[in-house]
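Letters A, B, C and D name the chains as they come in the text, with residue numbers starting at 1 for each one.
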Amino acid sequence: MTLRAIDYQAVLALIQSLMQEAKVVAPHQREGERQWSFEEVTEPANVCLEYTSTVLPPKKYAFPTQERFLRYELGESPKAEPIIEAEPLVLFGVHTCDIYALNCLDIAMTDEHVDPNWVARRKQMRIVGVDCLPDEYCFCASMGTATVHEGYDLFLTPVDGGYVVEVATEAGEEMLTNIPTKEATSAQVAQVKAHLNKKMQQEHKLDCDVSTLPLHFSGVADSELWEQHAERCYSCGTCNLVCPTCICYDVLEQLNLALDGGERVRVWDSCMLEEFATVATGENFREERSQRLRHRFFRKYSYLFTRYGQPYCCGCGRCVRQCLVHIDPVPILNDVIAESQKGATVRGA
Amino acid sequence: MALNVSTLKAEPNLYTPEMAALTEVVPQTELETLFKFELQSGNPLGHEPGQFVQVSCLGIGEAPISVSSMPCPEPTFDLCVRNVGNVTAALHNMTAGDAVGIRGPFGHGFPIDALKGKDLLFVAGGIGLVPVRSLIQMVLANRDEYAAVTILYGFKTPGEMLFRDEIAQWQEREDVDLRLTVDKPHSDWDGHVGVITTLFPELEIQPDRTKAIVVGPPIMYRFVLQECKLKGIGDDDIILSLERRMRCGVGKCGHCQINNKYVCQDGPVFTYNDIKFMWEAI
Amino acid sequence: MKPRVAVFSFTGCEGCSLAILECENELLGVLNLVDIVRWREAMSETTEDIDIALVDGSISTHAGVKRIKKIREMSKLVIAIGACAHTGGLNAMKNKYGMGEVKEVVYGPDGAEFDTIPARPVSAVVPVEFALPGCPIDREEFLRAIKELCMGKMPKLPNYPVCVECKRKENVCVFFKGQFCMGPVIRAGCGAICPSFGEGCEGCRGFIDNPNKNAHQEVLAEFGLTAQEVMNHFSMFNSYKESEV
Amino acid sequence: MSTKCDVNVNVEHITRVEGHGNIVLNVKEGKIEELRLEIVESPRFYEAMLVGRNWYEAGHIACRICGICSISHTTASVHALESGLGIRPSEQTTLMRKLAYYGEMLQSHLLHCYFLAAPDYVGAPSVFPLVSSHPEVVQRALKLKRLANDMCSVIGGRHIHPLSIKVKAFPKLPDKDAVRAVRDRIEEALPDFQATVELFKSFEVPQFERDMEFVCLHDPDEYAMFEGDVIRSSKCGDTRVSDYKQQTREFVVPHSTAKHSQSEVGPYMVGGLARFNVNYDQLHPAAKEAADILGLKPVCTNSIHNNTAQIVECVHSAYTALEDTDRLLDMDWVEEDPAVEAKACRCIGATEAPRGILFHDYTLDDDGYITEANVITPTAQNLNNIEHDMHALVPQILGREPDEIRLLLEMLVRAYDPCISCSTHLLKVEFV
C-alpha cells in the first residue's frame, strides 16, 4: 500500500484526465437539497466529494435500474440473442460502504452461475473511493464496513490541504501518472487515522459483534417483534430499492409496436412488495407485511450471511433515511439480539 | 475476500434461450396439456428427472416448467403445463411447428443414486405427477435397479387425471403397485374415493428401506408428511419438490427464496430433512 | 383479423381519449394493429360490431347508465380508461353533496330537469375486463396494453406503489422537500411522473390492493398536514364509495 | 325546389367535437319551428368540487375540466391565484409557462384543423381514411402535433393535466437541454407550418356572414394570448378582467346543461377569430403574411373562418414561442422558492384558451380554503352565439338538400371547435 498526498486542484485534474478515457460518474448535489446522486461528470468542479449518501447506490452502474438483456425476433423462425452492454467507467468518490456492497454482489452475482451482464460491467469499472463522515443513520462502524480492503483502485481520505490517496492497484497507479502528488507526511497519515477513529464513533450501533448476528437470528422467527415493527410499514419497497446490497429483480417483456420482436428487460424488484412471492395458483408465501419484513432481515443478516460468509448489509443507512415511517435496521437488529439473549437465558435456566 | 471478477468465466448465454420446436400437443385435461418438444440444436436436453427448464414464449414471458419425460439421447422432451396465466396460456395456443425458447435444465433433480435398491413410494397429488413422471419413467425403464414400487396418485375429479394411457400401462404391470383416488365421489368413477392420505392405512411399508417421493400442492404436503412419519419413514427418506415464483432460474432474482434456500439452485427437489426447519417451506 | 376498437366518452374531460391521439409517434403503428371503428370525438362513422371498447369518463346520468349497458352488449371487451372510468375519479367528489342539493343550488329551479346521479366508475354499472388507470392515462401503459391485447395477453397492472418507480428514477422524495405525496399507497404504472416533475402524487391511479392507509394518514400528519388536508389528499381521486351510490 | 319545404335535421351527438351535443332543426313549410344546439353533456359540478379544497389544489382540479385545454385552465387558475395573493412571477417562470402555453395552443388548433375540421373539406368521415389517401398530410399533422405536445411536456411533464405549472414558481425546473432540443425542433418545423397554410388555402370555406360582437383579452405589448390586461370587445369597449361579469352575463336555458352568456348587447363570439379581428395589428409578421395568403382580413364576420384564424394563430404561436424560448435559453436559470403564504382574498384571472377567453374566479378564506368558485369557459360563452349563427344560416340554405343542410350546420358548430365537456359546469356555487 502506498500513500500519497494530493491537493484539491490535483483531484480536479485527476477527474479531468479520467474523463479523457472513460465515462466518469461521481456524486452531485441534487436540486439544492441535502441529497446527492451519482451522475456522469460533465464539469469536475460540480463533483461533490463531501456528501453523506446518495439516493441510489453506485450499484446502478453495474446493475442498472432497468437493463435490457435479451433481444428477440418473432415470426417464422424466432431468434434470441443476449444484450450485454458495458463501457469503460470510473466510479469516482465512492464510500467504503458502497465499495463493500459491490464486493458483496460480486459474490452473489457469480455464485454457481456467472451473471454475464454484471461481470461485463464490473470488468470495465475502476473505482476511486473517498472517505466520508457519517450522519445519524450510518452504522458502518458496527457492520465492519467503515473500512474496506479491496474493490477499489484509489482511495482518498480528506486531510488538511487535500487528500491522502491510497494507491491500491496498478490501475490506480496508472490513473495518477500525470497527476502531481507528494509523499504523504506523517502528520497527514496521522490525520487519516484520526479521521477513521472519528468515523468509528457512531451512536447508531449494534448491541453485538457483527460476526455473531446470524446466531441471534436462530430463535426469533416467531417473535412478535416483526409484527410490531411492520405495523407502520407501507410495503413500498423503498428500503430494498435504495439498498446497495439488494439484487432482486423482475423481468418484463418489451415488445416493439409492430409485434415482430422485442427485448427482455430486468428491473429492480423488492421482497417487501406484496406480490413478490405470489405464484400462479394465487398462493402468497409471504402474505403479511410482517413476514416480508422478517424475510428482508433474515436475508440480509442471516441467510446470505451464512451462505456467503458476510452480511448483506453495508450499514449505509439508506433504507431508514428514505423510509417515510422510519423503519430502521439498527433498533430492529437490537431487538433481535435482545430477544435471542432473552431466549438464551430462558433456555439456559 | 472480494472476488476478482476479471478472472471469472462469463456465461454469455445464461439468459438466452435456445429454440425448440413444438412437435406434438397431447391434450390431458381441461386445464393441462402435454407438449412434446425438440431442441433445434439437435443435442439432448441433458436433464435429470426432477429438473426444470425456463420456457420462453418470446414476447409474452418466461415460466419455469418441470421436465416431465425421462432423460433420453434424443433432443426431445415433454412438458406438461397447466393453463393459469400468460405464458401457460400462450403455450396452449400453440400448434405443432411453433417455436419456444428453452433455458436450462436447472436445479437439482431427484437423488437417483440414493434411490437405487430401495422400495419407492411415489405420492403425487394433481399436477404434482408432472415432475414425478420423469422419475417413474426412468425407474420403470430400469426396473431391476429398484425394489418395490408403489405409486399413489390422487386428483380432485376423474376429469383431472393426467397421463391416462400411461397410467393404464403402469396399472398392467405386475411390478408396480398403483393406487388411484379421487377427492370426492363421482359418477364416472368406481375406484377409491377420498383424499390421498386415505390410501395410507392399507400400505405395507418397510420404513428402513423405503424412500418416499412426495409432490403435490402445499396443502397436501402437510397431511402426507404426517402419514409418512406414522409409517416410520425417516425425514431424510422423504423427498419432495417445491414450487415458487421464479424469474431467472439461476439464483439471482431472489423470487424463489425459501428461508436460506433457492428453489432454483438448491431445489426444486429437497429432502424433508433439508426443509423441515424452514417455516416458509410448507 | 385486426381487433375492431371503439372509443366512448362519458362524464370527464375526454383527456384520456385525447391521450390516444397524443400517441403521435405511435399512432400509425397502432392503426396497423387495430381498426378504429367508432369514436365520436374523432370520426363520423359508427358501428355496433366491436371487439374492444375503450371507455373514458365516469357514469353520472341515467342516460349514461343506459348507454354503457348498450356498449357492453355490443363489445367483446370493455376497457375502462382513465381515473374517471376506473375509480370515478375527480367527478366522485360531487357525491358528497346530495344530488337534489347540487342541482338546486347550482342551476336554481331550472335545474331540476337535468339528469344527474352520483358519479361512479364504469365497473359499478357493467363488468369491465380491464382498467387503465391515471388522470390522464399513461401513454406507455396504454401502448403496452394494446400490444399485449393484440398478442392475446391480458394486461396486468402493477400492484405496488408509486414509490417503487420513484426510487427507480432516483427522485428525491418530495416529502423531504416539504411537499406531500400519496405515492406510498397508490398504484404505480405512471413512472412516478408527478414526483419526477416536483409534485407529490395525487392518487389518480387509485390505491394498491392493500394500502397501509393508517400509516399514511400518520405520515401526512407528521409532516404537517391538518386533518382536513389529510382527508382532501385521500379524497381527490378516490372519494367514490359504493355505499354512497 | 321550393323554400316552403319541411326539413328535419337531428344530429344526435355531433361527431368530431369534444363532448356531447345535438343539433335539432325542424322546419315546417319554410318556417323554423325548432332550431337549437342541445348540450346533453352530463353536468360536472366542478365549482362544487373546488369548494372546500385548499388553494394549492385548485390548479390540479381545474385543469381536469378539460383534457384539450388543461394548460389553459391551469394558466387561468394560476393567474387568478397570483392576482389574489399578490404574487408576481419572475420573467423566467413566465417564459417557461409561455412555452407550454403556446404548445397547447398549437396542439389544440392542429388537432382541430387537421383531425376534426379537415375531413369535412376533403369529404372524409374522419382523419383515419386520410392515412392512406393523404399520407404526407397525416404525417405532417402528427409531426407538428408531437412537437406541440413536447413543448408542453418539456415544461409541465405532460400536456394533459400538466404537473409543474404552479403558483409563483416551478417546483422543479425543466431540463434545459430538453428545452433547447424542443426549441430547435420548432425552428426546424417552420416550413411545415407554411405547408399547413398552403393546405388550408386550398380548402373552400362556405359563405356566411353575420354581424356579431368579438371579445378577447388585450395587451398593449403583444398579441394577447397567454395573458392580457383587459377584456376588449368589438362593440362594448374595454372591461377590467376583475369586472368580467359585466361582459359575461349568464343565464340558464332548458336545452343545455351549460349556461348561456351574453353581453350588454347580445351574444358574442370568443376564440381565434375574435382575437384575430380585435388584435390583428399585434400578430407576428409571419402570421400576418399567412393571413394574407389565406385571404383572411379583419374584420371577418364569417364564423366558419374561425378555422382559418386558427391556422394564422398556429403560425403566430410557432414564431412567438421560438423567440420567447430563445430569450429563456439566454437566461441563467435560478431555482425559485415556491412557498406561498395563503390569505383570505378574491382571486380572478383570465387567459386566452384555444377556444377563447377563460375566466377563473375563487374566493379564499383565511386558511386558503376555497369558499366559492366560478369558472367561465369559452365554449359556454360561444353557445349563444352559435345558436344565433344557426338561426342566421338556416334561412340562407333552406333550399338545399337536408344532408347538405346538416353538413353545413355541423361545419358551423365544428368551426367553433366547441369544447362541450368544459362548458357544462358554469355554476356559481354558494354553499352554506
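By our rule, contacts are C-beta pairs under 8 Å (C-beta built on N, C-alpha and C of every residue); 3 or more make two chains touch, one makes a residue touch a chain.
All of these numbers come straight from a predicted model, not from anything done at the bench.
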item	value
If a chain touches chain B and chain C alike, it appears here	A
Chain whose Cα centroid lies nearest the overall Cα centroid	C
Geometric centre distance via CA averages, chain D-chain C, whole Å	24
Geometric centre distance via CA averages, chain D-chain A, whole Å	52
Rounded Å distance, chain A centre to chain B centre (Cα mean)	38
Inter-chain centre distance, chain B versus chain D - centres from mean C-alpha coordinates, in Å	65
Multi-partner residues of chain B (at least 2 other chains)	59-60
Residue numbers of chain C (touch at least two other chains)	151, 177
Where chain A touches two or more other chains at once, by residue number	31, 255, 259
Contacting residues of chain C [partner chain B, same complex]	151-154, 156
Chain C-facing residues of chain D, complex	13, 15-20, 40-45, 47-49, 52-54, 57, 60-61, 64-68, 70, 111, 115-116, 119, 125-128, 131, 138, 142-143, 145-146, 149, 156-161, 163-164, 166, 170-172, 252, 254, 257, 339, 369, 421-422, 427-431
Contacting residues of chain C [partner chain D, same complex]	9-19, 21-22, 24-25, 27-28, 31, 36, 39-45, 60-61, 63-64, 89-91, 93-94, 97, 102-103, 105-108, 110-111, 113-116, 135-136, 177-179, 193-194, 196-199, 202, 228-229, 232, 236
Touching residues (chain side chain A, partner chain C) in the complex	30-31, 33, 35, 37, 55-56, 60, 65-66, 231-238, 241-242, 255, 257-259, 267-268, 270, 273-275, 289, 322, 324-325
Chain A-touching residues of chain B, taken from the complex the two chains share	1-3, 5-6, 8-17, 19, 56, 58-62, 82, 84-85, 88, 99, 101, 217-218, 243-245, 247-248, 250-255, 257-260, 265, 279-280
